[in-house]
Amino acid sequence: MNGTLFERWMAEGSVSIPNMLVKTYKKIGLTDNECMLFIQLHVFVESGNYFPTPVELSERMSASSNDVSSMLRSLIGRGVLGMDQYEDKEKGVYFEAYTLQPLWNRLLQCLKEEEQIQKEVQKENQEQ
Amino acid sequence: MNGTLFERWMAEGSVSIPNMLVKTYKKIGLTDNECMLFIQLHVFVESGNYFPTPVELSERMSASSNDVSSMLRSLIGRGVLGMDQYEDKEKGVYFEAYTLQPLWNRLLQCLKEEEQIQKEVQKENQEQ
Amino acid sequence: MNGTLFERWMAEGSVSIPNMLVKTYKKIGLTDNECMLFIQLHVFVESGNYFPTPVELSERMSASSNDVSSMLRSLIGRGVLGMDQYEDKEKGVYFEAYTLQPLWNRLLQCLKEEEQIQKEVQKENQEQ
Amino acid sequence: MNGTLFERWMAEGSVSIPNMLVKTYKKIGLTDNECMLFIQLHVFVESGNYFPTPVELSERMSASSNDVSSMLRSLIGRGVLGMDQYEDKEKGVYFEAYTLQPLWNRLLQCLKEEEQIQKEVQKENQEQ
């Protein structure tokens, strides 16, 4: 291994994933494959490609492009993946973009529900 | 949402994943599920649990604990997941620990092979 | 460079820092040195050392341990660095721990104030 | 705090910093301010601004734009900050870009030297 190889590794960089996603995706009804798709979308969006195609996604995944299409439709239908419109002011055009905000909100909601359950349990314990 | 909820979100923290893993796991023969399992292992290890059980892992995954056991055995058999022994000096005991080093080395190897292919293509183009 | 060196680099890992900290610490009155000290504290806390001493911190910083002591006192006095007590249940003892929650809350507050200013500007523009 | 505020926090994202930088910058002769400047550069580069001006940098730092200019010159002179030329193929122009590769290489070199010292110490101990 030479310096250049290490340099290329470093140039690829790293992505930050909230631990809440990894720990809690099951509780909000996502499968392992769907979480992996979200992480792929996150990496594409962070690198400036806001609307990767199913083909682009499936090139990095074991799921086929058809599977990826189905999963994307399902995630949007269930309200965990969002779509926004952005304006590229330089070029004067609008373009579609995926947004993971519904996912983060759902995970935060999950944290809120856990908190309420804990409070009720504490209340019941005190009343006994 | 109150301050406390945001505080709990922040206390959960984030994990750094090398982009090379997300972009290249397919090329080294991993499925989407297996990559998700590696990310789960990474989060457990970073939080100080070096040897999570299949049950602990499956509590956060849609895969069953049996599926997780099979995947772990397969990954170890294929040489992408490693196992080490650590000594807890305070308690004077040895314990098992998963290590993702074989995975990082494989991904680096993949980068090296890409580089060699590019060099050969460039050489062929120059010779023509 | 050999594999072992790359393995040691990977074993050191990475830390996730909210971009809001890097972009906004000046606005909440922190100096470059103080932000660097917060990042050092974050890395210590993430690695399981919740209460690094000024000497431990200064071993990684150009600031002297006296400078670090002064900065820590000042940050606590200004309410951006917090201190908590944790119970080590195995050993049955309490220990001190730094917490960065006041910092995250301050940065969130800063985001809120920016939002309110933007709304007022928009309102004024519409009224004209 | 409402959902929107949390959404804006999440939209700002996080940056991954190698722990080796935070733990070892002192050993390679960087001050706390210089490390903070590197982290600022890293965040700008990750967000697609490859050549932030001293004014842009000083807007987020307690250092003045003159101080930032001096530090940039000094870091380039000492060989820890690099400059590259990139071609924007869409626009057909070349532009300057900072690169942190010399920094990563220096930190890796530092790891190598530590390793050699450890080996020599072990060898001496065995010979006694």
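Labels A, B, C and D are assigned to the chains in the order they are written; within every chain, residues are numbered from 1.
Methods note: a residue touches a chain if its C-beta (ideal position, glycine included) is under 8 Å from a C-beta of that chain, and two chains touch if they have at least 3 such contacts.
Please read these numbers as outputs of a predicted model, since none were measured by experiment.
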item	value
Starting at subunit A, fewest touch steps before arriving at subunit C	1
From the options A-B, A-C or B-C, the pair that copies A-D, where over half of the contact pairs coincide	B-C
Pair joined by more contacting C-beta pairs (B-C or C-D)	C-D
Centroid distance [mean C-alpha coordinates] between subunit D and subunit C, Å	18
Separation of subunit B from subunit D, taking each centre as the mean of its C-alpha atoms, in whole Å	26
Distance between the centres, which are taken as Cα means, of subunit C and subunit B, whole angstrom	27
Two or more partner chains touched - positions in subunit D	1, 3, 6, 9, 13-16, 108
Arrangement of touching chains [line / ring / star / complete / other]	complete
In the complex with subunit B, residue positions of subunit A that touch it	1, 4-5, 8-9, 12-20, 22-26, 30-33, 35-37, 39-40, 43, 59-63, 108, 111-112, 115
Subunit C-facing residues of subunit A, complex	1-3, 6, 9, 14, 16
Residues of subunit A touching subunit D in the complex	3, 6-7, 10-11, 13-16, 46, 48, 100-101, 104-105, 108
